[in-house]
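For reference, chains read A, B, C, D, E and F in written order, and residue numbers begin at 1 within each chain.
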Amino acid sequence: MTYSLTVRDHMMIAHSFTGEAFGPAQNLHGATFVVDATFRAAELHADGVVVDIGRASEALREILSSLSYRNLDDEPAFQGVNTTTERLCSFVAERLVDAARDGGLGGADLTGIAVTLHESHIAWASYEVSL
Amino acid sequence: MTYSLTVRDHMMIAHSFTGEAFGPAQNLHGATFVVDATFRAAELHADGVVVDIGRASEALREILSSLSYRNLDDEPAFQGVNTTTERLCSFVAERLVDAARDGGLGGADLTGIAVTLHESHIAWASYEVSL
Amino acid sequence: MTYSLTVRDHMMIAHSFTGEAFGPAQNLHGATFVVDATFRAAELHADGVVVDIGRASEALREILSSLSYRNLDDEPAFQGVNTTTERLCSFVAERLVDAARDGGLGGADLTGIAVTLHESHIAWASYEVSL
Amino acid sequence: MTYSLTVRDHMMIAHSFTGEAFGPAQNLHGATFVVDATFRAAELHADGVVVDIGRASEALREILSSLSYRNLDDEPAFQGVNTTTERLCSFVAERLVDAARDGGLGGADLTGIAVTLHESHIAWASYEVSL
Amino acid sequence: MTYSLTVRDHMMIAHSFTGEAFGPAQNLHGATFVVDATFRAAELHADGVVVDIGRASEALREILSSLSYRNLDDEPAFQGVNTTTERLCSFVAERLVDAARDGGLGGADLTGIAVTLHESHIAWASYEVSL
Amino acid sequence: MTYSLTVRDHMMIAHSFTGEAFGPAQNLHGATFVVDATFRAAELHADGVVVDIGRASEALREILSSLSYRNLDDEPAFQGVNTTTERLCSFVAERLVDAARDGGLGGADLTGIAVTLHESHIAWASYEVSL
């Protein structure tokens, strides 16, 4: 048995990619990422929840605020790597893992966190980690 | 290899939560839950299906009808527990497990059932059980 | 020529309806309403906007907060009337008209406001008013 | 009586805004715009269509390709103005008006064109012009 | 002021088109049409509704059932014309106009009916008629 | 840890089903399938991607083009079997497995491929295979 709870938010960023495979996306461009953060647990907390939805939403909001309205090409955290949708998924997920540590999001003992970033109506990426 | 088939329906209920973590949701309020029921199988039935989609939809409809247009605070099944989105997922899923028993939904041997309840455009929960 | 800008938010309420036509919805139940507020103008403000999206979102948030997590049957504003999706659309829209008065949302001279409430994945209502 | 046909595509751009009202969006950032182009007619073409959907989709694709994967701050067409969602709607719509002139999209006599740009799951803008 | 109420349903049909402009769609193929039926009124019925949502949904269901799971090329109603998305919109809308006549859908005096058929995630058509 | 990348496209086909359980769907009818193809990997390629999104989209497009605008009842590949949504999921997924072989989609070593076909707003099926 697995329970999960997902909250959605978004961020808007500029960036460019390095590598011929990216074609015109090598130019400086941007994206809206609609972000789904999923928290998993084998059992519910006594309150009947996987996480405190308010704290989970706020944790996600804080992480996305640190990226949103920025040119990711200029961010120290991403020097030397492409800020692909896949990589941004893992970046957000690992920050959520930090936030969840020691019960920081309230709720149950988490068994996993997954993050999906929708880059358009026809493409999205995910990253999932077990805890 | 895993096959799955999902059907969607919805229910509209009133309820309130107990626990300070719920903030204003401790008040009597309500929700529309858009409900996705997923059935999994390792092999398809000879007809090429996981379940008979008509019977699966009807089974889901019946379960949701027993909850919809009600104040869940008054339902004997939920005394002493919070009817969180997570818990309602497991309630619906376990009823579907009952309905699927002994081939009640037609189709293949099921290996799992999952239920997702969308409580808004920015939050949803799931419960998954292996069979 | 007409420009418009729409922002989306949501609220979760309990209520019941009076009238046999409502069938089981005469019982106390509830709904999540995903709310789209649309602002129209014939010309853009010099900044290139219809309204200040931050102020418009905040005005919508404030109106929805005054209804959310409540039993609308107990609200003085709705005594003697059914809080149907249609009527809640007009309630929210007229509050937005108030908020927009005298340029309260920044931006251009508004020519109209429309509000859509989605009560499920298969039903929604709208109300539109000219200014 | 009005008929309409809508096709959807998208573009990914970088830009920044001028004006204190934009807050953090004054920084260089970006957006995915999911773009809906709507064509209206009072009568259908003999083939039963408003426009040739293939030609309409291609016309939209061409316009979006001229903007996508670019920093709009550097584009001559947008010097001195904010490339807000509203303004980009009118830019795309007016290019579609040009493409539709003299029956360039096949189909019926068009009476109007509307363009909606979705900047996220919670905000979108539109521009509508009569022909 | 305009109120509206929309209900969604769907149908699955086979058909083919006549005319070189249709390219490969001249072959026998098919479509799922997700159908949105919108009813408009200037004033609400005393119950607070535009139409009785149950009767409106049933009227739509009946119309779609008369088309669904059929090859429209064989239907007498469509001989000699292309069953384009646009034309099917008007077919469904005119049947709803018939159903609404003499208050057949309950509710307020209707001022208009609109029908949208979504043929895919990237294309849809509409037809709107005043009453 | 699992990364995934999903791209969406669609196809429009005619078909009929054999077996009383299918009811009216035994008639020739059709469907739009909105198709989501998901590629999974444990590690990202040096470029930061799971697959080359351009090549993945093109591979999916090619497979869907071989089915779209056809009557699947006439296709040699499907003689003697029902072309249910479930079975078409596996058909598309296995073709993608072929396309991915020997790095044909660029990117990382794939650990799995999943395909979801949405047949309407209320029903979809999936097939997932490990590599």
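Keep in mind that, in the parts below, a contact is a pair of C-beta atoms (placed from the backbone, for glycine too) under 8 Å apart; a residue touches a chain by one contact, two chains touch by 3 or more.
What you see is a predicted model, and the numbers here were worked out from it, not measured in a lab.
A.B. asks: As a multiple of 5 degrees, what angle does the CA superposition of chain A onto its copy chain B give?
C.D. replies: 120
A.B. asks: Of the pairs A-F, A-D or E-F, which has an interface that repeats that of D-E (more than half of the contact pairs shared)?
C.D. replies: A-F
A.B. asks: How many angstrom lie between the CA centroids of chain B and chain C, rounded to a whole number?
C.D. replies: 30
A.B. asks: I'd like the Å distance between the centres of chain C and chain F, where a centre is the mean of that chain's Cα atoms.
C.D. replies: 40
A.B. asks: If I count partner chains per residue in chain D, which residues reach a count of at least 2?
C.D. replies: Each of 8, 121-122 in chain D touches at least two other chains.
A.B. asks: Provide the residue numbers of chain E that touch chain D in the complex, in ascending order.
C.D. replies: Checking each residue of chain E against chain D gives 17, 19, 21-23, 81-87, 89-90, 121-130.
A.B. asks: Please name which positions on chain E make contact with chain C in the complex.
C.D. replies: 1-9, 44, 47-50, 52-54, 57, 106
A.B. asks: Please name which positions on chain F make contact with chain E in the complex.
C.D. replies: 8, 10, 12-15, 24-25, 27-34, 68-71, 119-122
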